[in-house]
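Below, each structure is written out as structure tokens.
Shared chain: chain A. Partners: chain B in the first complex, chain C in the second.
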Partner chain A sequence: MTQPYSTVNPSYLADRPRRVLLVPLDPVHDIGLKVIRRALNAAGHQTMLLPPDRTLEEVVRAASEYRPEFTLIGRTVGYGTAELLGRLADMMEAAGLRPATKLVIGGMAVRDGLAAELGFDACFGPGTTPEMVLLYIDGKSPRPLSGTAAGQAPPRRRDLTAGFGYQFRHEAIGELAHTVASQTLSWAAGRTSPGVERAELRRAILDDPAQAGRNRELYLELCDEPVRLAAKEKSAPEHTRYLTAHEESFLSPERAYAAPERSPLSGPEGKPTVFVQYGTGCPLMDAAHIQAVRQWGAGGVVHFDPSWAARTEGLPSGLLSHEHDGTVVTLENLQALRRAAGPDLLWQVRAHRGLNTPETVLLAAVAGADLTKINIAYGSLGAGTEPSRLTVDAYAAMTYAARYGLPFDVVTNEELSGVPAHKAMAGMLATVAMGVALGGRPVLQPLFCYSPEVMLGGQMADNYVDFNAAKVMALRQIIDAPIWPGAPVGFLTQTEDRVQSSVSTALHAALAACLGVEAVTIASADEAYSGGAITAAARLDTLTAAAEAFRFFGQSRIEPTAAATRWASEMVAGVEDVLTRVARVGVLPEAIYAGLLGSPEEGVYPGRAGRGTVKARSR
Partner chain B sequence: MDGHTRRDLPRADAPVATPVERDGLPDGAAAAAAAVLDAIDVETCLFCRDEAEARRLILQLLRGLGFADADVVSAEHRGGVARVRARAYLNRPGVPYPWLEEAGAR
Partner chain C sequence: MKSIGFAGTAKNTGKTTALTAVAGEATRAGLRLALTSIGMDGEAKDNVTGLPKPRVYVPAGALVATAIPFEAGAPPTATPAVLATLELLSVTPFRSPLGPIAIYRVLHPGLTVLAGPLVAAELRLVLDSLRAEGTDLALVDGAVNRLAPLSVVDQMVLSTGAARDESVQVILDEARALAFLFNLPGAEDGGRRGGVGWGEGAAPLPVAELPGPAVLTDETAAADLAAFLTAAPPPVSRRRPFRLVFPSLVGARALRALAAYLVESHMAPGEMVFPSAAALAVAGPAPDTVAALLRLKAAGWRVFLSSAVRLSAITTSPYRPTYDHRGRYYLAGHMADAEYASLVDELGRRTGCPVFDVVRSGPAGLFQRLTQV
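Presenting the complex of A and B:
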């Protein structure tokens, strides 16, 4: 059926008014044509809608009298459709009405092949929106009127941080976060690491390619053996291969990607922007997935890199395909994928938990990323990077992010390892205070999840709403900053069942929309499936489900119970308590080793990658 | 999420399989399969004894249809009925993609 809602720009006016006859060739159904008629009238066209259940003779008589330029036939009932429409076309011809009136057919019962076979001029099948019909009547390409009008520049990508001042509303927590940030920044400023030095060398190489030779040698000296060997022997690192020249041609700057046919999906007031993760390992497959999710309403995509890259010093070069999940961060891969994301999609490159954090932010900025991802606490816990190393690297990464104007989210995925929400928030807020002090624009990314904390504590025994809503409520009580639940929402609620997974994801996205947050990252329907690569269809499943959930709730609200308010207060108190103890310890790495932001009893241990690599900066 | 291992990649310079060679599919189906981006999912209900049998049967079905690289995504058995979803990967990430050749030709 025709979608009952329209995204037609209300101020849209037709270039020239046309006479349009609308005919529900059906015993009962005419709602689709009524919706289309309303859009046509609003655009300035002249219309006449016949009642349902007219005979073919009555239709032809009405057309002879009205003399329409377009006759739109709607047909929902399937039986006898071909015969009926064929007879109508013949009768319109015999009455001399063709070709002055274009015969157009639409509705649940029709398909392109049938329309063409019967000699109709156009066909609008299931899923048609009024704007599609309107564009056809006006002789324009079927592009969304609510988004980019033909010939105009694409819309600017949304700044998720616009309008936020980063003032701490909770004074005590603000003071504590500033204290921790100040102490940690002073500590980090006097230190460096191979990751920081490689980023500086990479910047010098990019700034002055003519003098790159020596800097490249110095860069490789700071890399682990696999990256160094690959560069020297001009071979791809293990488990990767270079794309062939033929494959590269499909990612070239000359390659054009089709513009989205619909506006990106969102809840009320254009929020939240919906992000989808990609990272199949192959940039060609990624480009195809990005194009698919772009067409299905994603507003942003997140680059997912291989897990080994976080534990390897140095980044390779070239257009590389990876044998396992996660697409390798190289400048060439990133540039190709930026192009695939088109001018309209927000594009995030993660840099939050590895040995290449500063350089990843630098390359992301050079490649045209809109956002990155940095978090010292999460990045240092649960098989992450050694805390001192990540703190020093994060300092440099946040400095690059500020210099290049890249907002970065601060995610709290350590909750999945067993860290309670309030401790994860404390680490997040300390990192946020550091970022703001360095001139950056961080985004709070609370995890909407069924975490070990709530599994044991029973906070989600009744519903998934209250505890997740409490996180957003608590953060809003603490600071004026953008919120982007992730990543992805619904973690550990999804099963391998496609419908269950899609519904759970969509409801979490709807909760995010109802809470008025800026963005949300959703999973695919393959979230819980571990037997193979995530498919494009699985990504589209949850986008479709989220679109339906947004449509269902609209401007209405999901109402949390009183428990949410209580838990939010407890979280705020918990954050204050944790930051008080962190401030006493002094700097973040020491606090992490002391277990203040997650302890072995809670299931997390400080990371070890890059241990012993931090050194004092030479003056 | 994204946390599993795939089979080895074919060589980059390996010739692209002609559609008719792909997993032994018959001519007409193979030509259509060349347009598949990554995988085909089959969802159905089976009458069977238990979940293990459901898994065995659906894999048998997919492999019998010529899909060699098949896996069960989900299976749930209740009272003699199993709701199953199985997947045949036609293009794991990193292989030479037939649809790319088609796109190039267009």
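Presenting the complex of A and C:
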């Protein structure tokens, strides 16, 4: 009936003591009820546990004498026992004990429908913990809930950056990163772009609605034709439509959020927080996905925007649904999705590539995001944004992030294009140094993946542990900063087989937990091969699998081989070498064009979106 | 409004099949119909066996009291096109494990799931609400072998059959006993007032009511009753007839002990009032309960029910799921035709109640019987 490993908060006390009769209506088994009884007693309730194998008459007699407010029956259900339990419900009622005593059944084969059929008020099926029973007894929830959060204030959102000082432990790399950062910041500070100017206009519009009209006109002058046209004609941009009033009603504060029925997933000591990505195109569907993953233990969600938006100057407005993947960044969409994320889920809005990054950070902050995502190197590579443009925009984006207190992750997804890990880390660390210099709180997001580098180099020929662990080890040798492997973990290890995909994702998440990182992003079981919409069931697959993996490893550790230590050292040396060469070049955009952070031979090319749009800032 | 409960002696004995048959006939007759259940009915698969279950089809205009109008994860056949469209009328204060119970009106006919009140007190109030909405006929589906919540309906249909037991004798003995209990006479005043007594020309009898809810058990029943009678104030006396009122459950073995005590102590026979047929039927094998009551009757005691529900008809089914122990799954099966025919005949003969198989013979006969009673 219960998971014996579940523990009850020792400080939990019942609102008022209740009388609870526990009945193992089974020839032998009463361990589940014993576990629950211990929790009930500890919480201050009065309990009586009958011995196993009593007759129904004996149970009813005991209930008539003890007069419990709750009678908990434990029973394995098979054919024939339904009649036995139905008869017990009848006898309790005929004896005049109902409804003064709530009749509750628990057992491995028990479900709500069966409980209703048998005449029981509630049921506790597989996965029941003592906490759930305590909450039910205390009337904290109208129905049994899984987890400790029900009926209590939702858990506070974690600050992933708390306790990190951002000192470079590797002095040489620290000096190089600071050099690159200061040179790049000086270069960017004197420049601007349409993206930067739009963000400033947007801020002015939000700050002073009275003057919004003129600023809105100026804003639209800086937008591409589709956005401008949509605003002028008050229509939705191509491939999007406004939500109907009926659809909007589902995004109201009352309907967009339902409190979690279980605690968020994590490994030991509450880490890592598990993030999942959403971006169905429709905020309504996104809200549904967010609701589902919350109930299955996600601690955070990541907003995915459409790829075309990254190549379009300007952001539309309104509650917009997009007919393809990726949910359009508008203030209205973001505000609705913050409501869906509620007070308990960390919510990240990505701004790491594209032509609207400063404004996206601004809108994310206004909408109440907890995190954003900025990376000049990755954002400029692999069909990304033109490096100069992204650097100027990233400067503004980091400034907004610092001003509004939004930590941002710096991801190394360029590894998927073929960039070696040490080069990707060098770009990451240069961006981190820029962010820290601007007062920001970056989070390192190394990729846990089966990258082209290891496919060719054979580092993962034996296992997926060593090379991924080496990345975390290397970064920890370099800097005191939070680490959040992503994004999502297990990239290129998952297949279209949902079991395989879930297992692989879960093991990568478990590795992250064993390495003690702050957060981890996991994919759905069908994310890589969905060929369309990601299904809620596949999302829950990997959350369930991750929960099981966390449970399996607990506080034990995965032991990497000596190769991890060797590769970590090689990565650190490689990062120092790359940053040395970048520092010689001077600023990041030039280094990217020079191929120092990923070359055409390695499969990456500088992005072109926004080319020629950077100009000197007028004094 | 008339309310009819569909009780069964076990799972898979045909309660929902009988209910849907009557619902169909009631619709054709133009009656304003309401449906609910004391369990969960209309779902695609049985909660225990996993075998298909009869679906519940509701006509336009009918009312439904349920916690779950549609089954989560319904199979592909239950597409929106065949699911009923429902309008929420009100939410009752009662809950099932599946959620709060609400009353809906059917806008477009189709399939629904019934999961209504769990206990009699709640069912009574739900029926009151359905009556207030102008219902002519309320049908209450039973659950498993549960009887107690149905003690507030006007009439009862009892379903039994091959799923109850492999032994025809067990099925027959139980059905006969249940028919006996449900056909015990009711006490118009609930049995507690005394004064004019029951039966034409009966003398008023003093009333002795056991404190409730006391559960009499076989070990102590006789001693408890003796002590109670000794302490009872006049005019209750062992030497003259009195009316003994049981407020609660009396187990079969306890009743046997009481019968032995009352008969063997040569107490003047009076009257006994039990809460309901369900209270007698659920506390042990019904045939054992009836045997004890017959012994009391033979000694001159008269037996009444505080709340009587008439058993109007019995339905039968040859359906019998069997468990495959090697494969660990259930298989649908049926009683052999000849054995089943014999069962149907014997049921009618031994219970004195009309017997129907609505699958083989159609629903008209059952509906006619229920509307005539």
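Note that in this section the second predicted complex is superposed on the first by the 534 of 619 C-alpha atoms of A that agree within 3 Å, B and C clash if a C-alpha of one lies under 4 Å from a C-alpha of the other, contacts with A are read in each partner's own complex, and residues count from 1 in each chain.
What we mean here is this: a residue touches a chain if its C-beta (ideal position, glycine included) is under 8 Å from a C-beta of that chain, and two chains touch if they have at least 3 such contacts.
Please read all numbers here as calculations on a predicted model, not as lab measurements.
Engineer: State whether A:Glu83 touches chain B only (first), chain C only (second), both chains, or neither.
Structural biologist: Touch status of A:Glu83: second partner only.
Engineer: Taking the superposition on A as described, I'd like to know which of chain B and chain C A:Lys615 touches: first, second, both or neither.
Structural biologist: neither
Engineer: Just to be sure I read the superposition right, which of the two partners does A:Ala536 touch: chain B = first, chain C = second, or both, or neither?
Structural biologist: Only chain B is touched by A:Ala536; chain C is not.
Engineer: Scan A:Ala95 for contacts with chain B and chain C and give back first, second, both or neither.
Structural biologist: A:Ala95: touches chain C, not chain B.
Engineer: Once the structures are superposed on A, label A:Ala122 by its partner contacts, choosing first (chain B), second (chain C), both or neither.
Structural biologist: A:Ala122: touches chain C, not chain B.
Engineer: For A:Arg557, select first, second, both or neither according to whether it touches chain B, chain C, the two together, or no partner.
Structural biologist: Once the two structures are laid over each other on A, A:Arg557 reaches no partner at all.
Engineer: Using the touch definition from the top, say if A:Ser64 reaches chain B (first), chain C (second), both or neither.
Structural biologist: second
Engineer: Which residues of chain A touch chain B in their complex?
Structural biologist: Residue list for chain A touching chain B: 241-244, 247, 249-250, 277, 279-282, 284-285, 288, 292, 304, 307, 321-326, 488, 495-498, 523, 526-527, 529-537.
Engineer: Which positions of chain A touch chain C when the two form their complex?
Structural biologist: Within the complex, chain A touches chain C at residues 57, 60-61, 64, 77-79, 82-83, 85-87, 89-91, 93-99, 109, 111-123, 142-143.
Engineer: Please give the residue numbers of chain C that touch chain A in the complex, ascending.
Structural biologist: 10-11, 38-40, 43, 47-49, 67, 95-100, 115, 118-122, 143-149, 212-215, 217-218, 247-249, 251, 253, 275-276, 278-279, 282-284, 321, 323, 330
Engineer: Where on chain B does chain A make contact in their complex?
Structural biologist: Listed in rising order, the residues are 1-6, 8-9, 11-13, 37-39, 41, 43, 71-74, 76, 83, 85, 87, 89, 91-94, 96-97, 99-100, 103-104.
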